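Next up, some structures in structure tokens.
Here chain A shows up in two complexes: once beside chain B, once beside chain C.
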Partner chain A sequence: MLRVENLGKRYGAGCSRCERDGAADRRCPYCGSVWGCRGIDLEVFNGEILGIVGESGSGKSSLLRCLYFDEMPTQGSARLYPYQQGTRNIFEASSQDRRAIRNRFMGMVYQNPLMGLRMAFSSSGNVAEKLIAANWFHVGSIQKRATNLLDVMEIPLARIHEAPKTFSGGMQQRVQIARALANHPPLLLLDEITSGLDLSVQARVLDLIRKIQREWQIGMIVVSHDLGVIRLLTDRTVVMRDGHIIEQGLTDQILQDPQHAFTQMLVHSLL
Partner chain B sequence: MTSPYNFAYLDEGSKREIRRAILKAVAIPGFQVPFGSRELPIARGWGTGGLQLTLSLIGPTDRLKVIDQGHDDSVNAVSIRNLVVATTHIETTDVTDQATIIQSRHRIPDDPLRPGQILILQVPQPEPLRHVEPREAQTRRMHAERDYSAVWLGLYEDIVRFGQITTGADYPAVVHHRYMIKPTPIPRWDLPKLHQAPFLTLLGAGRERKIYAIPPYTDVEPVAFEDYGFETEKFLSACRLCGSREAYLDELWDAKIQERIYQCSDTAYCRKRQTEIGKGDI
Partner chain C sequence: MLNVESLTKTFQLALHRNITVTALGNVSFSVEQGTCLNISGPSGGGKSSLLKCIYRSYRPTTGRIWYQSREYGRIDLAGLSEREILRLRRQEVRMVSQFLHVIPRVPAIDVVAEPLLLLGESSSEARAQASEWLERLGIPSHLWDAYPQTFSGGEKQRINLARALITSPRLLLLDEPTSALDARSAGVVMEILSDLKDRGTTMLSIFHDNRLATQLKDSQLNLTRPEKREEMKPI
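And then the complex of A and B:
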């Protein structure tokens, strides 16, 4: 479904030295540029959930933002099978094509609902926008699809015409998921979706994600610093630190038998 | 008579720059071309964009018509007309057919315009995406990517809430199947007049420093859903002065008879019809 090779995102102008010294410090001592992530290689298969775990600042969200074109990577490539049968690097696509990829082949759920939702528009409108972007121009069909999705996400139908700003955090996240799923994308990106939610709401959101994955067979990348979320949702896990992948494998294997010292510390630091 | 002003007020360098922007706007229908909006002896927001277009295009043999909401005699129209006349000494007219340049605020004359005429519209806010995206760099990117779903979303929300599209004026339209524009706050009634129009339409926003154009015989398609099409305003009554049912009507309240009355918004059109039906000029 998705193959990422040697992906890197640098914040700052960069210099010849930090280009050359690939495995050196995250911050270039000469120009001060910082690599958000670097040398990332990973694959996501159809219907699989890949977890990305790491401490805050390890580069998880930078990676996800690059994959959703919120930021353009400094180096590397990504091939998404539904886009030209995976023959072309999606970062080399034109800006119009990138927008089409975002709208048709990917859905994104942000940690902060403010980034993923238009708070001034209704919840059904938020779902509708994604459908309109994918050339749905029949109001009846759009309404039907939006209502179905919001119903699946357990948003009370009496409230679907209300703006998400009047909703609780958990409801906002569920509206975001409905919006991300509007076009039935083959790949869903989830960035720390349970942060800031209390445990019962977290459980409800995670149950929904599992239900969707089971029924729709969508490939997902779940970014989290919470190993509980990773354990519950994912098939395979990638562990990141200082912008690099330090360990990857089956989730059970990573959690039961971590090999890297940092992963061991992460696993054993569970409260 | 010697005038203390340069012909058409603006200096020749400014006119040249504005003409270049106009040429670019005509070459890319619907694209908003930035230009260096000049200071004029009227306040920004009172038609400086339209006025700069008029002043940069007008020549000694032109005849100018200026209307404001369809009226030839409103304060804004009279002030603009007086300024142009004081600096060019050209002839002006109220008759649409006789004018070579028609500067208008919020209306397109109800008399059909002919090839060769230039319609100049004053624009307060040219950006159709501004209400959903305040950043200029982002709206430019959205235009480049034809990312207009937020505009459609506004109409969708209208339909969901009110059962119909409630946008009365400034209805978004797509020019030449490419750029979305705000056709100034002209009523929906006037929008079909821009589609495949035989005349050139120039739109100028002085405060926002943008010029855009609809060349003659260009497609202008109002945004519409498959099951909720574009509709113009409907009037239940005819003009009380000329009896027209084919013109855009203003709704007025007559306190004497305690009734709602309608009359043509385009005063020149109404006068012409009254003459035709023998009611004489009023």
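And then the complex of A and C:
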């Protein structure tokens, strides 16, 4: 459903030398620009959860931010099947189209709820905003859908008109998931959603995600540094380091039969 | 049904001076449909590694694993794409290990029902079938809504079995499925397994208990420790 080819994001202007020397070094010694991620090839199928693991600074979030158009990649292409049957690179779409793709075909849950939510709006307003962006016009059905989603995410109905800033971290995260799911996107991007949550809330969020995937058959990319989360949620896993993909495979393959030295170290450090 | 040709599996321990460890050395055998092959051998002899290679939790180093699948016909599991492997695992190949890894705080009955939901079964039907299996395997009904983390080793093992059996797999890989069970529960499990076998499921099994193995097996494969297990590779 999503095919990413040779995706790269460079922070900094770049110079003729780093253009020419290619992937030799992550940071160009001449102009100081840094590649957040580079040469990324991956695929996500319908109804599949793809995990991305790696240490911090390995380019996981850069990749996700590029896919959600928070940043424009320096090179590479991504094709999303619902957009023109996957015939066009979504990074070459007009800004209007990009907004439409983001609002109709994608949902994103950030690690930090501050980035994904408007803290001063009501929670149902947050969900409604995404619906309006996805061309929902009927106020009654918007309200109904928002209430329903927040209910599924186990936000007490008495509190859905309160602003997320009065919520706990776990509740904010669940409002974020409700918002991301509002338009029923075929692709959901989840960035470190369980870090910062206590264990009991973490278990509930994981169960919710698994349930959504099962019932809605949507594709997901889950970025996490927690191999336990990856093991429980994902079908396939990609391991990143220094902005590159160093290994990919079935999740149990990565965990039980890691090939790359870094992956072996990562797996052997699992508690 | 299953035809394994000169399968080897080696591990390269990059963190330990690149030592190469051979887990499986040149194993060949075949299994007919509806029969059970029992794998025996000393511990460290590669019994689990063999099952994991077939289930593709391990990437086989060399060799071929021909499997007659319902979906794709005769295929080589060693060279199959990840997507196809995932599909086969959902539909016809299941593995039962000694360990249970599930999302915390999900009731046992939903844990068992999940594989059916993934095949598109309705939730009420899946739960009904799950409760049938839990009952057959002798899990008391007041535990069905409890979380499997709190279960005893034997109960966890039976949950694991129920999860695998509920989809009526065509190929079943059993890695010590009764190691934590008492004699009576093990007897129940063996009965269910031989019933499945009679209905056409092919099995590869590892049992520590020879008597249990004899009840189920139609043929026997003896794995010995591969010679030259470790060799240093010049760096």
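The rule we apply is simple: the second predicted complex is superposed on the first by the 271 of 271 C-alpha atoms of A that agree within 3 Å, B and C clash if a C-alpha of one lies under 4 Å from a C-alpha of the other, contacts with A are read in each partner's own complex, and residues count from 1 in each chain.
Convention: a residue touches a chain if its C-beta (ideal position, glycine included) is under 8 Å from a C-beta of that chain, and two chains touch if they have at least 3 such contacts.
Bear in mind the structure is a predicted one, so any value in this text is a computation, not a measurement.
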Margin query: Looking at A:S124, would you say it contacts chain B, chain C, both, or neither? Reply first, second, both or neither.
Written below: first
Query: Given the touch rule stated above, what does A:F91 touch, chain B (first), chain C (second), both, or neither?
result: neither
Message = With both complexes overlaid on chain A, does A:Y11 touch chain B (first), chain C (second), both or neither?
response = neither
Which of chain B and chain C A:W216 touches, first, second, both or neither:
neither
Looking at the overlay, what does A:R204 touch: chain B (first), chain C (second), both, or neither?
-> second
Of chain B and chain C, the partner touching more residues of chain A is C
TODO: Check whether A:D235 is in contact with chain B, with chain C, with both or with neither, and answer first, second, both or neither.
DONE: second
Residue set of chain A touching chain C in the complex reads 45, 48, 199-200, 203-204, 206-207, 210, 214-215, 231-232, 235-236, 249-250, 252-253, 256-257, 259-261, 264-265, 268
Per the touch rule, the chain A residues reaching chain B in their complex are 95-96, 99, 118, 121-122, 124-125, 128-130, 132-133, 137-140, 142-143, 161
Within the complex, chain A is touched by chain C residues 11-15, 52, 56-59, 82-83, 85-86, 101-106, 114, 117-118
Residue positions on chain B within touch of chain A in the complex are 132, 141, 144-147, 149-150, 152-153, 156-157, 159-161, 225-228
